[in-house]
Structures are given as C-alpha cells and as structure tokens.
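Structure first, then comments.
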Amino acid sequence: MRRVALVGATGYTGAESLRLLHGHPAFELTHLCADSKAGVPLADSLAPFWGVDLPMPVRFDPAEVAAKADFAVLALPHGTAQDAAASLLAAGVRVLDLSADHRFADPDAFARVYGPHKYPEVLRETVYGLPELNRAQIREARLVGCPGCYPTSVVLAVNPALRAGLLAGAEVIADCKSGVSGAGRTPTAGTHFTETSEGLHAYKTLDHRHAPEMSMALGGMAVRFVPHLVPMNRGILSTVYLRLRAGVTAAEARRVYEEAYAPEPFVSVLPAGLHPDTRNVRGTNRCHIGLFVSDDLLCVQSVIDNLVKGAAGQAVQCVNLMAGLPETAGLDHTALFP
Amino acid sequence: MRRVALVGATGYTGAESLRLLHGHPAFELTHLCADSKAGVPLADSLAPFWGVDLPMPVRFDPAEVAAKADFAVLALPHGTAQDAAASLLAAGVRVLDLSADHRFADPDAFARVYGPHKYPEVLRETVYGLPELNRAQIREARLVGCPGCYPTSVVLAVNPALRAGLLAGAEVIADCKSGVSGAGRTPTAGTHFTETSEGLHAYKTLDHRHAPEMSMALGGMAVRFVPHLVPMNRGILSTVYLRLRAGVTAAEARRVYEEAYAPEPFVSVLPAGLHPDTRNVRGTNRCHIGLFVSDDLLCVQSVIDNLVKGAAGQAVQCVNLMAGLPETAGLDHTALFP
Amino acid sequence: MRRVALVGATGYTGAESLRLLHGHPAFELTHLCADSKAGVPLADSLAPFWGVDLPMPVRFDPAEVAAKADFAVLALPHGTAQDAAASLLAAGVRVLDLSADHRFADPDAFARVYGPHKYPEVLRETVYGLPELNRAQIREARLVGCPGCYPTSVVLAVNPALRAGLLAGAEVIADCKSGVSGAGRTPTAGTHFTETSEGLHAYKTLDHRHAPEMSMALGGMAVRFVPHLVPMNRGILSTVYLRLRAGVTAAEARRVYEEAYAPEPFVSVLPAGLHPDTRNVRGTNRCHIGLFVSDDLLCVQSVIDNLVKGAAGQAVQCVNLMAGLPETAGLDHTALFP
Amino acid sequence: MRRVALVGATGYTGAESLRLLHGHPAFELTHLCADSKAGVPLADSLAPFWGVDLPMPVRFDPAEVAAKADFAVLALPHGTAQDAAASLLAAGVRVLDLSADHRFADPDAFARVYGPHKYPEVLRETVYGLPELNRAQIREARLVGCPGCYPTSVVLAVNPALRAGLLAGAEVIADCKSGVSGAGRTPTAGTHFTETSEGLHAYKTLDHRHAPEMSMALGGMAVRFVPHLVPMNRGILSTVYLRLRAGVTAAEARRVYEEAYAPEPFVSVLPAGLHPDTRNVRGTNRCHIGLFVSDDLLCVQSVIDNLVKGAAGQAVQCVNLMAGLPETAGLDHTALFP
C-alpha cells in the first residue's frame, strides 16, 4: 500500500480527492489535514461522507505527515499551497499540488501571472503534471503542479496537431465551457442557483489566468481563451479552432490524433462524425476527443470532468506513476450515466 | 393612470414587482426607491433591465412618495417594512407589503411568530391580501399584507373543502415543494448552484414560520407543513392531504372546488385525472388545482409561481382591486413555456 | 386593431407566437389554425393555456383566414409552410413565416440548402425579416421569411463591424450555444431530460444549415459555425471571433457598435467589461451585445431568447412594422428574472 | 471471482448494472446479453463506455450463460424478464431480476397488479431482494426480485417504526419525489428536457403500481402514495407521514431507528435536525434517513439513488450475499459530489 496524505478536504477538489483516494485499492489514506475542521468528523461539513469510514481531520503538521506518508496531495486555495509544499518537500514527502501555485517552473513566468512565488528554488523543480505530456518526468518528480482544468482540456485537444507540425501559424482560439463546480465551493452572486441555472455567459474574455498556462504547455503558442459558465455541475467542453497547413487533410489530422492517443489509457478519439459530450466522462478520469475539418479549419472538441481529469483524478494518475503502480489504478471508473 | 411607487427593487420580489408594474397598462411608476442604489441606473445591478426605460433609483422618502403616488408596493426585507409602512400610511399612501411584516392583524399572533411589532396599532388594520379570501376588505384597505408564497398555494388548495364542511377533523398535511427563488437573492451555501442542482431536500420540517400564517388564514386549522427545495428557479407545488367526512364523494369534492373557483379569474380547477405542473403557471398570476380522492383521503395539488401569485402578482391584483381597476389588469400573461 | 391569424400553434414557436399575439394590445387574434387540434380546446394539448380565453382551434383554410385577417403568422414545420404561404398570399393576406421556407429570396440558393422550392416565384419576393438589417423592405413586404434563431444572433453580432469595414478578411468563427427549445417539441433521444441535463456537446459541427443563411445575410462572408446544445430551456449565446484590420482599436470597434445600435429599440451594447447573459433577455425580444478586443481579435458576444427575438418576437416586430404600429408594440417585456 | 452475466444493458438500470459489475473487484463479467446490440460494441449506443474494456454484446442464450456464469442480473423491460428468469433457473443460474416481474411471491397478488404471471411456480420461490428486510432468505435464494425504487425508499423509512410497534393505525402517506431517470431511457413528451426542467408535478396520484408492493413489504399497511417528478437525473426523496401511538416520544422513535440501522452498512440515520438530501447519496448504494416529530406525527425522510440502492446496487448487494462475499464488496463508493 502506498501511504498518501490529503491536505485540504473541504473544497470541491479536496472532496473529490478524498472520494478517489478512499476508493483506491493500493492507497492508504494516512491523514486528512483540514485546519478548520480538526477534531470534527468530516461528515459534519460534507454530508456525502455520512456513513463512510474516514480518518478524523487533523491540523496540518508536515512532520506528522512525513512520519507516515510518502505522498501528499494538496487541495488548498491558490496561494496557500506554497508553504505547505515547501515544508513537506523538506520533510521528504513527495507533493502533488492541485492549486495554481506550482504550474510554472520558471519563477518569472509564474510571477507574471500570479505575483512573486515565496520559494523560487522549490518552484524550479516542479513538474507540470499532465502525464500525456510529461510522463517520464512525473515518474521521478518530487513536486508536481497539477494542471488547471481548462489547460488540461485545451492542451489535450491541441498538442497532437502542434507536435506533428500540422498547423499554420501558432495560434489557437479556445472557446471553453465549464460546469459550475470549477468556480469552487464558496457561494457568490455569480454561482447562486437562481443566477446560474437557465442562463449562460462568458467571463474573463481573453483575460483569464489559464491562458498563459496553456501557452506555456503548448510551446509558446498564442492562446485566445474565452471561458463560459454552463448551468451544470461538472464537465468542461473545449472547442478549439486551429489553422491547418496547406494540404493537410482531415484524414491526416485524424491519423495524427489516433496515433498520439492510441497508447493513452484515458484519452479516446471518437470515430468520425461523433461529438464528445461532457456527460460521458462525468466522474471519470477520461477525455473524449472529436475532430472536424472544413477547408483549412481544424475544430477539435475535448471533454473532461473538471474535478477528475481536470484536478483530483489527474493527481491520482500522477501518484500512480510516481509510485510505480499501474497508471489506471483506482481510476478505472465508468461515467455516472445519466 | 394610477400612480404607484416601488420601495425596494433589488431583491427577487422587487425585481418581479418592477417587471409587472412596468408592464401594467394603467399604472404610472412614480418612484423606484432603493437606498443602496440611489443615483445609479438599476441595470447596473440588475442586468435584465438594460435597455428598459426606468426611473432613476432614489432614496426612500415617504413625503416625496406621498407627493406623487397613491399606492406603494414594499419589497423590503422582513422586519424593515414596519417603519416604511407606518410612515407611508401617515402620509396618506395606501400600502401593499410583500414582506412578512403585516400578515397578521393580531399583534399577539404576530409576536408569537416574528417577535414584537413596532406599530401594533398599524398592524391591527392590516388586511390579509389574498383576494380569493378577502376581496371586499382588500378593496377598502389602506394596508395590505401580501400572503407568503407557501400560504397562498396551501390556502387556495384547502379553503374550498374547509368552507364547504367537507372535512373530518381540522388538520392538513401540506407537503410543499418550492423553486429556489423563494430563498431570496443573497448567496448562501444552501443555494449555491452546485449544492442545489441535481439534489432535493426538505428543510425546517414541521417548524417553518409559514405554518402559523396558513393556520390563521384557515380558521385555526392544524397545519403540518414540510417545505422542500427543488432545483428549479420558480414555482411552488403544494400537495396537501385532507380527510373527508364519511360519505363525501370525489364528485362532490370536485363540485365544491369548481363552484368555488368558477368566478375566480386566476384559479383553474383542472379536469379529473390531470396533474398541475408549476411550469404551466410560470411568469403568471395563475393557480392550477388538481383533485384526487381515494377512500377518505382528499389530495389537492396546487401550483403557483412563487414570485407572481405568491408575491408581486398578488400585490398587483390587490392594487387593481383597491384602485377600482379590472382585477386582471396588467396580469393577463400566459406562461413562459417552455 | 390589426387582425392577425396564427397558423400552427402546438410547437414551441407556435405557442410562443400565441403568447405574444394574445398579449398584444393592438392585435386581434382572428384564427388559431391547427389541423390536428381542430375543435379541441388548445389547453388540452398545451396546459399553460388553461384559463386563458382563446379562439377554438380550426382547420387551416386560406379563404377563411383571408376573410377576417390581414396578417398570418406561420408556425409550421419546415417544408410545410410553402403551400400555406402561397395560398394566403394569393388570397391577399400578408404572411410572416417562422419556418426556414422563405429565408432565401434566390431559389437557387434556397435549393442548395433545402432542396427545390415549390413556388420559386413566390420565394423571389420574400424579405428577410431582420428589422435591424431590412427595416424599410419589411414595412412594404407581403411575405417575410423570419430569420433562424442562430442567424439572428450571429448577424446582429457581426453586421456592424462588417458594414463599417473594420474587418480583415471575410471570415467569422461563430461558436454558438443554444437552449434545448431550439430543437423543437418532438421528443428525441438527444433531448430526453436525462440525456440533456448535466451535459454539453456540439452538434453538426461546421455542417449546419444555418451557416449558408448567415453567409447570405452577411454579404457572402465565410461562416464557420459550430452550434452547441446547453442544458437550459431558452436562449442563445453566440461567441463570434473576427479579425480586425490593422490599426483598428477596441475603442473604435465599440464606437461603431454603439452608433449602429443606438437607434435600435431592442439591441443594447453593454458597457466595456460586461458580459451578456442569456438569462437577462429571457422572454423578451431584446439582444444584448458584449465587445472584447485583444490584439487583432474582436470577440463579440450576443444573447437573445431563441423563441422571441429568434422567432415569434421577431415576427411580431415585423408585423408591427408592416402594420404601421410602433415597433415595440406588444414587445416591451422585461426579462423573466430569475 | 464470482462469474456474473448481465442480461439487458442498454436501459438505465442495465447501464448502471454494467458500471457496478465492471468495477466490482470480485466479479468476472461473463456475458453482456443485448439482443438488439449483438455484435456491436456497446459504446456505439452508450457513449460513456468509449475506452472501457467490455465483452462484446451477444444474443441472450440461457445455455451459454449457464456454461460460464453462476449469477445473472436481468435488466429487462417489465414483462420480458419472466421467460429469461425461468430459463436461467432451469439451467442452474441464480437470478436477480431488476424488473417488476418477480417482486411478489404470491401469484394472485402479482396478477392483481401486473396481470397473470407466465410461471406461477417460479414466482412462488422468489425472494424480495431488500437485504435490510430479508437478508437470510436472500443468502439462500435462487431467484431474487429486486424491489422497486420507490418501495425501497419507503420501506426503509417506515419499517423500523412499524416493527417496533410505534404506530397508531396501519396507514402511511408517502409523498415521494424522484429524478427523471426513474422514467427510463425511452424519450416521451413527459421526459423531454423542455417539458421536464424548470417544472414539477405529481403523476399517478394514489394510483401507482408501487403502492401494492410497498403494502406487501409492510405487512399489509395501507399506503397512500403520491409520486412526483423532479427536474434532476437521479435520486428519490420519500417524505412519509406516520401516526405515533399515544405517548411515543421523538427520542423513542429516534432510538428505534438508530438501533434498527446501526448494523446496516448502507443505511445512516442522520443526527437530529439534519435533513437528508438526494445529492449526498448520488452514485452510491447508501440511504440517509431523517426523523422529525411534532405531536403525534412522525415524518420520516429517506433518500436513495434510484438507480443504485433503488436498482442495480441493490442487485449487487444481493449477489454479494448470495455469493458469500462481504455485503459491501464493490459498493463502497462515496457520492459524486457535487
């Protein structure tokens, strides 16, 4: 059994991490660190856990975590994971951070988006935790910054065409649509049921912090990113628009994607004509991809569950790699349908 | 034109009142009083009003209201309408209060539910604003306390059977289901999209403040009231369970309801076998009623739009009565479907 | 009073037309033609109309319609409106067709999308019923083909930039998102609640029949159109991506849109930074537009209610023009919020 | 490994059975029988299964099933499971039927609800598959009729009070609310997205076929059952109203329920004051129960996932018992939240 601690459990990515860690056949959950809930059974604040056998929440203490755990998954608010990661690494625990705090290895790049990092030397060793891009480095990593939910879906949609040289220019328009859980668990006017259901809008048009992350992961590509909020709980659909080089055919584009993802356990390229639907990956670590070409326009559509492949599931996938387990261990769910 | 002021415009009942007052062919909207928004176009805080020609919001001043308006609709938080109503009445304005502050004419009854009223003498002259119950008194009233949304639907469902003496005992079980707008516009954990959609629960079981109001309007009947929160924006379905006196038949019960509501412009008793659906009254001041009998059990189902017949529409219906207008003026909408 | 007949009343655009015609202060509804429902009160098949005073449905007979009506609104399935329109025009009735049967005046263009038209001579006189584009011609028209819902939103989003010469090239990427009512009232696997809610997908990517209609209305522009189905009832959000000519600034683009739409009663350009939301136009004939620029990319977002400005409301707006009424008569609703 | 066949895979209970059987650590899925899909990969009709390693669907053949499987789960339409069950039993396979075909062991009782059974002798040996009621008999059963979704939730809510003699009279009012997946996968007008979302209604009031099943499982109690359709995918909330014998206190009622369910792995009685929510058991085999007392009225609220504890999960729980496995094997999920 691999010994894994969870730090931060009361937000959505924390609760989802707990669901996956609890159900993992090769993990032992050593700690549930939640300062604000220490000593109080988690079900008191998270009713889905009534009747589930869980450790009592404790205050976060890196030494105590290090005494029992080999891995720690951090599900903390952006900005607060820097101290936790640094202290755990110093204590010898390998760290997977779900926050945005360790997604750029370059401190300057990080600072341009999020402001100065407190531990630039720590940051330099972070590995971007997208196994389909960085599998070998993740295996050896001490610190993994798990990608954002939008970047996961966009990078998986764009990367094969980019790497295979199919594209003219280096720009992508990423029109992305997300369920509301991506906005977190804190109630706001914008996520009030009656202001969210039966409506649809974009937000932070061409001005969202995930765009530089996508660009970093896509070799500096210009990313025109427009996120939209959709009245559903989970799921991201990214519709990306790319320009093909002259002469690249639909068949060739399809072949490139199918070859790129044939070995991947979690990514399926759908047959021609089929459209991916977020519903079909709900609750799973899977990504479905659809491909459409008209003239020189390549439209790629990718769907993920933002809380699984876009967050907690990707972290488990990375721990599996780091721990030498089968990559799909504890992640072989089929979607909750309907 | 009747001159009407709206006091409080930024909550849901306020916005809905504004929608109905703005569209009323015989009303002139004299004031839009919203202290926190004075001098700021309402569309800035209520985007549905972009492009709509409205008065600029002003601070509430009873003398200024009285100078131009004959009627004032109060859409203020519970507790804060007492001062406004008293000052407007003193200035000669007839008042319709959408809050809970003037639903009981008996100060003691009020105090048992909501605590002491600041103006018991004012309270004594309030009329309970359910036209199907109190039409004549509403016509003459200076102060109308508009019923709560749940009481409106339950009282309309129970009253004909009660008045006609069909019932054994004096108890009703009222299992009511409401859309989320009934919870107001302030974001809370319980109305966060992701904690509301795709779920269902009761709340305040057998302990909700609308039960005594129902009991008051139903001649002291014992009301066992269990409200539920349903993942939809608008609408209340009340499923009420009543015991028929021995020998009362389904046909007799139906006849009583049909006769009671034949003259009512807003209440329809559906043909036998049909079930009312909240969707069919959305955006309207209507109430649909379904009747079902098995042995001695009478199950009545009533649906309303909680923000219209359960709040703003009922207020407009009362103003129509008070102003000598046709009762349906400005309220002859058909439902927004789908 | 203008005398208007409704032909076809049981689909969503028919029901919505009925809602608007019934509530119009200057219209008399002369006929409700619905062959399959003739002689049966409409409420039997459309429960929202319980309690509403409506004409009894009759079989469609152009002579009888012509005897009493000056205008006919056709809410018939695509393909079936051709006979109805031809016969009504021959009988002297001015026709507004909500179906796709009269959106192209050029029979060849029509045939390429929908197959041969049965009455090419009739088709030649059709006017494309988008008042913001064709107001003068609509006033004089005998036959108006009301635009599709997607084209309405996309053309309103693109046209000012195109007409003002702001654009480089002649291509638009239109990533559009629609509520489910756009798919009609016939149940299908794809619109089953449990296969629609809590999910999101595109359909007919780069291959939808509304693309040639958009292109026609936009002077031959290349339209890359990807529609998506969103789990909500009503509303279209079109996010369109356009390339600005070198040197065109965000301020200049904004000025062009504001000037173009300043005189329009139903179109509002939102202040900089604000995002339009379908919720804010629900139930109304309004269109809200948001503008965003980054480098040479202009992202325009427009929202409409697909059943109102995208169908029945637009028809009423056209009848108002044809009948010499104020353009906003019977259409001055504010949104149903929430 | 226990060898289990699934017969019927394309409806919701079939797909859910497949999800649970596929993820069960001690089951081998021997056959996927789906006549209409034989030879076609299941993902073609059930897109959630893209990328999941499943057996190819085959035509149902009891001899072939018996050659490899010890257990068969039937997820067939009501009425069609009778032949399948009889043939499988004759071939030596132990059968769990999710349809309504084997819920009554008494052929006369069955016939009164569903018409004559084709194999009354087979029916006589069926065991009602609610482990909390019939654990010992299920262990030894050859044929288990899995309870309906509504009966599961109502029986779990009522049974402890009934068995402990807390009740006056022998009647229960069961006001139940279900998500739409309970209506099955065939599109109908009543489950069309736009006729289901943003609305709420009862159906088959006091006239639903699950009432006699509840009555049978509750020792002949009179069950007044009113089901409602709620705009969500999964979940049943049953609000049941019971009369307490004179002198029975809230504390006593609570003690009875807590003792009854303390040994049950899937049933949790929530602390006083807490309301169960369907969301908190979504995707799990769990049942949460809330208890409320006022005077002599006991209101019990129970929530389940209709497709898991109300169908496929209960079948797996029964197979676990029949196979001598831990009762929670393959069922220890925590809810998908949000």
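Order as written gives the chain letters A, B, C and D; numbering starts at 1 within each chain.
Everything that follows uses one rule, which is that contacts are C-beta pairs under 8 Å (C-beta built on N, C-alpha and C of every residue); 3 or more make two chains touch, one makes a residue touch a chain.
What you are looking at is a predicted structure, and each value in this text was computed from that prediction instead of being measured.
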Centroid-based (C-alpha) most distant chain relative to chain A: B
B-C or A-B, whichever has more C-beta pairs in contact: B-C
For chain B paired with chain D, centre-to-centre distance based on mean C-alpha positions, whole Å: 39
Separation of chain B from chain C, taking each centre as the mean of its C-alpha atoms, in whole Å: 35
Where chain A and chain B are represented by their mean Cα positions, the distance between them in whole Å: 46
Multi-partner residues of chain A (at least 2 other chains): 12, 181, 194-195, 197-198, 231-234, 277, 279-280, 282, 338
Residues on chain D engaged by chain B in the complex (per definition of touch): 173, 175, 177, 179, 194-195, 197-203, 205-207, 224, 226, 228, 230-235, 237, 239, 241, 275-280, 282, 290, 292-294, 297, 299, 301, 303, 338
Chain A contact footprint on chain B (complex, rising order): 12, 180-181, 185, 187-189, 191-198, 231-233
Residues of chain C defined as touching chain B within the complex: 12, 15-16, 18-19, 22-23, 25, 46-52, 181, 198, 233-234, 265-268, 270, 274, 277, 279-283, 286, 288, 332-338
